[in-house]
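Both of the next two complexes hold chain A, though its partner changes from chain B to chain C.
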Partner chain A sequence: MATPSSVTLTTREQRAFEHWQARRRWARAGLIYALMLLFAIVFVGPLMFAAISSLRTDPLEYPPSVVIPQLQPSNWSAAARLGLAGNGDRWFGGFAPGAVVPFEIAYFVPAGVDVVEPEVEVPRRRPGAGLGAVLAIEFAADYASVSALERRPDVPMTVDTDDGVIEGRKVGFAFTISYEGEGPEIDRLPLDVTAVVGMRYLESTLTASRLERRGRTASFNNVAPGVLGYVLRNYVRVFSEVRSPATRQSLFLAWIGNSFSYAAVRIVVTLLIASMAGYALARLRFRGRELIFMLVLFSQMVPLQVLFISNYLVLRDGIVTIGGFTLSSLWGYPGGMLNSLTGLVFVTALNAGAVFIMKQFFESIPREVEEAAMIDGASHWRRYWNVVLPMARPALGALTILTFQGAWNDFFWPFIVLTSPENVKTLPIGLLSFRNTYGAVGDWGLILAGAVMSAIPVIILFVVFQRYFMEGVSFGGGKE
Partner chain B sequence: MRRILIGTLVLALFGGALAQQIRIMGYGGQDPAILVRLLDDVIGAELAAEGITLSYEPLEGDFNAALFNALSAGTAADIFYIPVETAPGIIATGKVLALDGLIDTDAFIDTLVEAYTVDGSVYGIAKDFNTLAIFYNLDLFEEAGVEVPNETDTWETFADKLRGVAALDDDVYGACFPAGFDRFGAFAFATGWQTFDDGGATNLLDPAFVEAVTWYTDLVREGVAIQPSDIGQGWTGGCFATDNVAVAIEGAWMLGFLRNEAPNLQYGSTFMPIGPSGERGNFLYTVAYGINTDSPNRDAAVRVLEALTSPAAQQWVLEEGLAIPSRTELADNPFFLEETAEAQANATVFRGAADGNVLGFQFGNIGTDWMTPVNDALVAIMTGQASVDDALTEAQRDLNALLDRAR
Partner chain C sequence: MKTKRVDAVAAYLFLSPFLILLGIFFVYATGRAVYFSFTDYDLFRPPNWVGLRNYVALFNDALFLSALRNSILFAVIVTVIQTFLALVMASVLNQKVRGIGFFRAAFYMPSITSSVVITLIFLWMFQRRGLINYLNETLQRSLPILLAFVLVVVAVQVAQVAWERRRSLPATWTDPALLVVSLLVAGGATWLLVTTGVLSPRDVPPVDFIWLQTRDTIPSGAPFWLAVPIPLAAIMIQNVFTTIPTFMLMYLAALQDVPKSHYEAASIDGANATQQFFRITIPSVAPVTFLVLTLSMIGTLQMFDQVAIFGDAAPLRSVVTLAYFVYNRMFPGAQTPEVGFAAAGAMFLAVLTLAVVLLQRRLVRSEGY
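Take a look at the complex of A and B:
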């Protein structure tokens, strides 16, 4: 029987050892996590920064800050209240008949400076650039009336500056903006509050979008924005300002719709063709099988740029046969298939890489499975459709994801095929048109918002289906 | 046989219907929307009555590359944009129809017509245009107690005014001067210097050019003017919107930007300062409509070009605040006389086209590549890496190589 002291000693040693081990484990885990975090920041950082900048009023703000008014909860609740007051809509706000929007603004006035009531004005402000500038819009200025200003009790306060502490007081003013009489519902209610030199803007119900005239004017893009209208202003603009001048339909929605339908059709067509061709090349024995497989591989090797002119001409003219009858008439496009999603799918649907992946996968499925079906009298088609294809689900999953990602981000072919009108474009081409329209006038907020939105489906896809991405890589790579 | 006959018949009918379909190729961005509204509001009904319909094909991305591709592939539209900076190259392809006798060019501003004249023939009708003007921040000048720039300013008095405002604070500057010939060139023209001499050569060592470079870069080295990138901006308009820069030298394209980014900026505008030659200098930035020589519907195309540049269409574009018209008769349009800062700026830019040494923003057949050596020299001088003489000597050498290659 061990003495009590030796027991405590060995237990202590034991504990010390365990602690040391635990520390090492944690240190190692900590190191690995730190490294992973570092990588995550390096890779995700730019995306995060773009996402934050897309919320900003001025994405080019220099030096940039991460603390922005759009991310302050006090502004969220104010935006919701103002949105309710303006249009009964806490999410998107607006300015509708009968609205009474209460607003307060406060200035710091140094001792010795006289307080002068600031000028409050609802300006006639139209978008200066892009499609918003071309479309005719309603102005809140034509319907809004601003009440008399009510001065709040002064509060003594001091302000620290580089030149020392300045004594003074906080002076607040309250007023309402009302919509009397009848009229249309208006998207936004801009506001300018101009004070005299010497009075310094402190705060307001909603943080000012920008200070102008060397600090004299607090300018608000919209004082009845609603939470989403405030935080996601650029995102809302993407939908509200970018409209087709002919039909007034949102172009961005049309582009998203086109991108989704293009991706969906391409997935279906690719899965069908690739699995059928893959099955044939893997299982059927016929003359020229090797040659066909080589041809498929060869088409993968020829760069896109070599083929695109001939393919473009086919799309433009159709294939002319006797009597002016064109092949594309079969699909209902007698005048060529440019500027149609059908034409786009037509030139992009055949994907040699997909055929290759499917062939490799089918070869990995044991022949015995099919032989069992053959004994039961199953035809080739039945064996393909009812036996092998269901077993190929992992490969089909991987292919679906890769195809979706490829189609969603596809730029080259849509750029060539889809040019006019605006609402026939897919998202990447639409973003290029954004850059031309809004980049030229420095309206980067709108472009960033569009870019972030176009990235979302692919990010979701990647997060949810990571496993399949990896499988997709291994199918292509190794032969089992 | 019967099938062939029917096919030909269908083709003929189809072709007949297409005969009045005029295609236009132009910039992307907001231009397609402008055309749609122009058709709806002004010229659409008139053209439709004559059986002409229009389709607009925007060339997104690099317009010049796309247009040259379309011209060589034979897919160019009946009417296409001709940007002034690449006009000589585009006209040299022989694919642009000479408009002599087809369109009356007398009604358009002379300098605009000249920019599209090659060997006495006119190849394009400017759809709209821009020149440079001085935009000044009224609040800053008031705060500094300096008189705002006006049309009697010379280079010296103008620079003194900028110095006065820049003295206000460490982060206040007189102007943003980009290291680019696309703005600086206007000052070079104010000395009487020209991009090309009669022999088609460029002389950057001409004392007049050296004087302009010295004046422009000295203001930067003195700290009165600053390059936009030094205060985190991409261009002069961005500088101006910060409220810390007294003047911007830009065209009317800045107005829309200010409307969005600095809607309360109190600004005024005036003409470029008078240079050593006793004249102002200015650039003419424009884009014209040209007609494809291969157009199967030439008459209809001419008709459309007339409609697009008609007084009614140009007045609409002006009054919507979208662009400045190229017809001289619109100089007296009431829009220019309005009291707003925007209307006055538009009027200044409009009148700038006929005041002093005004040259098109173009560089012969080599296009905008011409500017690269000059811009490099301006950067080197502004950042103190080279003296004016050294930098210009090197730029001249590079430019000669460039011009020789193009010959």
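Take a look at the complex of A and C:
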């Protein structure tokens, strides 16, 4: 039946069918990538969006948007120029004696409305709320003087509104704010420009921070900010405004320092204790080994809430024995170890998961490597310290990273142990007091800026050492 | 004989720092918590033995009952939703493609970030004029446009598949190559309809849903044990969001080991995608499902951080969990601490957690995994 032509036809059909299938594979791969991208956006989205919104003057401003003045290059160059004029500092700006800050503002005035010069005022406004508001500060209002307004040539223009097109003109005003005479250097120069009803704010040298009084007042937080002072305003505020009322020391810096020291000490303690215990459990035969291992497993199942009652009391009172002698008095904290990093490290040093990881790893090292050392008569300690431990570098590396992440993100124990004063706290607990102080007054810029900064170290670590995190997940199911 | 003893001495020396810590912070702590749970200790006066009174009092305490209800609803609902979504997402993504490392890093981002950072960001998004309400409003506004898009996708896809089948090509309803075309066509058509003004966003009243400062529940007016307080639902959403990626990647690893031939054989036998999902995918990843369910149950039963961070942003009754109940009774602000009562609550939580672990062990053993 089969003629030569029909055979070629079937091979051609065959080829067409293969082609058809290949197209499906390509399309499927394309759809998968699109979906993965979508999931990635969903999971990274809130963090990214919070990071962008933390630049806004008010992150709660409605509607949420990523098109914000802080990301417009025209504002960056204006902020740099104004910073130079105010304090000779293009990055952080400020207002210093001898400064002459030029500023322009433009309004749309509909045809038939009379132009009235707007009122320009440097207000006495306290920066932010909460901890920052209690600090004594100098006000730019006491030193600044505003020049007479110079009217710019009008430019005819129209504006589209819901009620149709409105004819009118653009009216601009220029003025300078100068610092005459002697005085302190002031870190911000706020400004309010109020126009009459009918004149609509269009634009200014720097975009207004917000419009008040039904759009009549264009309010500026700082018209001499410098680039960083403008774009990263909330970040600068985190360091400059959040200070201990007593010592004026920056609390955020203290928290960062505490978090780093907590993580560093905990890494050393965990590596040492866990590798020693893991070595003994993996390599040495002794009575009670099974019991101890059972306890290691069991201790991971008991909720922290069961343990923290007694552990809190141990830190507060020490272990009370006969005659009122307390264990904690041995290391010089007779008044208890609450509110100290020592107490925090002490109570978190028990890490059964780390012991488990080290035990697993030591079991994977062949016994032969120790035997040569054993024949030389090396002690157990030398075998552990000189032979086995150097071989355990990968496990120690993974443990270091996971411990850092665990300590940096740790919430429960610092929350229990570190309560006062403010400067003993670690970052997560400090951020919580941020929320309590600033959340109530709706100052989310500060909170988001703090949160974003405190997330950065772990994100950098994750990007560099991704592999270890994945191992950690397979070891411990996502927990330390 | 002698080396054995040397070994034992060395072993205990190596173990000594760990054993001392284990002794003080685990064995002693657990023992003391059990003891306190039978006393009326209040941090200041020496404890008196009261027998089972604390345990009985737990079930007459309104805050404890709220905590119990919240914890159980939270654990069950979150576990079910996140396990299911993780599995579905993993099986959708189950393809060997290059560059998965980048996406995996992105998926992990929420789970490596600290609970405080994530919770603060979510608190901000759950504000009355926050992102969540805005997205909700935008979704409602653009409903006609979305609907049109979906309708066009379905119509074009059906037309294409019918056409291919008439040419006797074995196209399935979800044929990827045709789907790409359908999506592009629908995208273009919707864009055209919107720019020409045929379709426009609906007018909807602004969404002003109160997520935090409210005592309302979902469903509103439900019986006590079935009512999910709205602030708790907000924490549920956050928890699902942060935990799904971890579980999804665990599932993805397991799915990559399922032989492709199983799916091919099934599709030759005429099983569709849904049947394949239930008949092949779910049974082959059952061991991972057990692990995911256990990890998720234990994690959610012990939820504490989010409640502590929400603090006064939501009414205590609406978010309190068993773990937070223990803390709250231990440090009740201006009132006298009720350590014995707190310890009894902690025991309850511990027993609940251990029950989940044991149940999982037993199930795994009887199923032979």
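Observations on the structure shown:
What we mean here is this: the second predicted complex is superposed on the first by the 432 of 480 C-alpha atoms of A that agree within 3 Å, B and C clash if a C-alpha of one lies under 4 Å from a C-alpha of the other, contacts with A are read in each partner's own complex, and residues count from 1 in each chain.
Going forward, a contact is a pair of C-beta atoms (placed from the backbone, for glycine too) under 8 Å apart; a residue touches a chain by one contact, two chains touch by 3 or more.
Note that the coordinates shown come from a computational prediction; the quantities given were computed from them, not determined experimentally.
Per the definitions stated earlier, placing chain B and chain C onto a shared chain A by superposition produces a clash between them. Legend: residue contacts after superposition of the two complexes on their common chain; A:Trp385 is shown touching neither chain B nor chain C.
Looking at the shared chain after the overlay, A:Pro63 reaches both chain B and chain C. More residues of chain A are in touch with C than with the other of chain B and chain C. By the document's definition of touching, of the two partners only chain C reaches A:Pro428; chain B does not. By the touch criterion stated above, A:Phe43 is placed in contact with chain C alone, chain B being left untouched.
Of the two partner chains placed by superposition, A:Trp76 touches none, neither chain B nor chain C. Looking at the shared chain after the overlay, A:Ser299 reaches chain C, while chain B stays out of its contact range. Legend: residue contacts after superposition of the two complexes on their common chain; A:Arg28 is shown touching chain C, with no touch to chain B. Legend: residue contacts after superposition of the two complexes on their common chain; A:Phe239 is shown touching neither chain B nor chain C. Once the two complexes are laid over each other on the shared chain, residue contacts for A:Arg125 go to chain B alone; chain C is not touched.
Counting contacts as defined above, chain A residues 60, 62-63, 415, 432, 436 meet chain B in one complex and chain C in the other.
Those residues of chain A whose C-beta lies close enough to touch chain B in the complex are 58, 60, 62-63, 123, 125-131, 133-135, 190, 192, 194, 197, 210, 212-214, 216-217, 219, 244-246, 316, 322-325, 415, 419-422, 429, 432-433, 436-437, 440-443. If you check the complex, the residues on chain A that touch chain C are 17, 20, 23-24, 26-33, 35-37, 39-40, 43-44, 46-47, 49-50, 53, 59-60, 62-64, 272-274, 276-277, 279-281, 284-287, 289, 292, 295-296, 299, 301-314, 319, 347, 349-350, 352, 355, 380-381, 384, 405, 408-409, 411-412, 415-416, 427-428, 431-432, 435-436, 439, 444, 447-448, 451-452, 454-455, 458-459, 462-463, 466, 469-470, 473, 477-479.
Every residue of chain C that touches chain A in the complex is listed here, in rising order: 4, 6-8, 10-15, 17-19, 21-22, 24-30, 32-33, 36, 43, 89, 92-93, 95, 97, 100-101, 103-118, 120-125, 127, 129-131, 134, 169, 175-177, 179-180, 241, 243-246, 249-250, 291, 295, 298-299, 302, 304-305, 308-309, 311-313, 322-323, 326-327, 330, 339, 342-343, 345-347, 349-350, 353-354, 357.
Those residues of chain B whose C-beta lies close enough to touch chain A in the complex are 3-4, 6-8, 10-11, 27-30, 32-34, 36-37, 55-61, 75, 139-140, 143, 231-235, 237-238, 243, 253, 255-266, 320-322.
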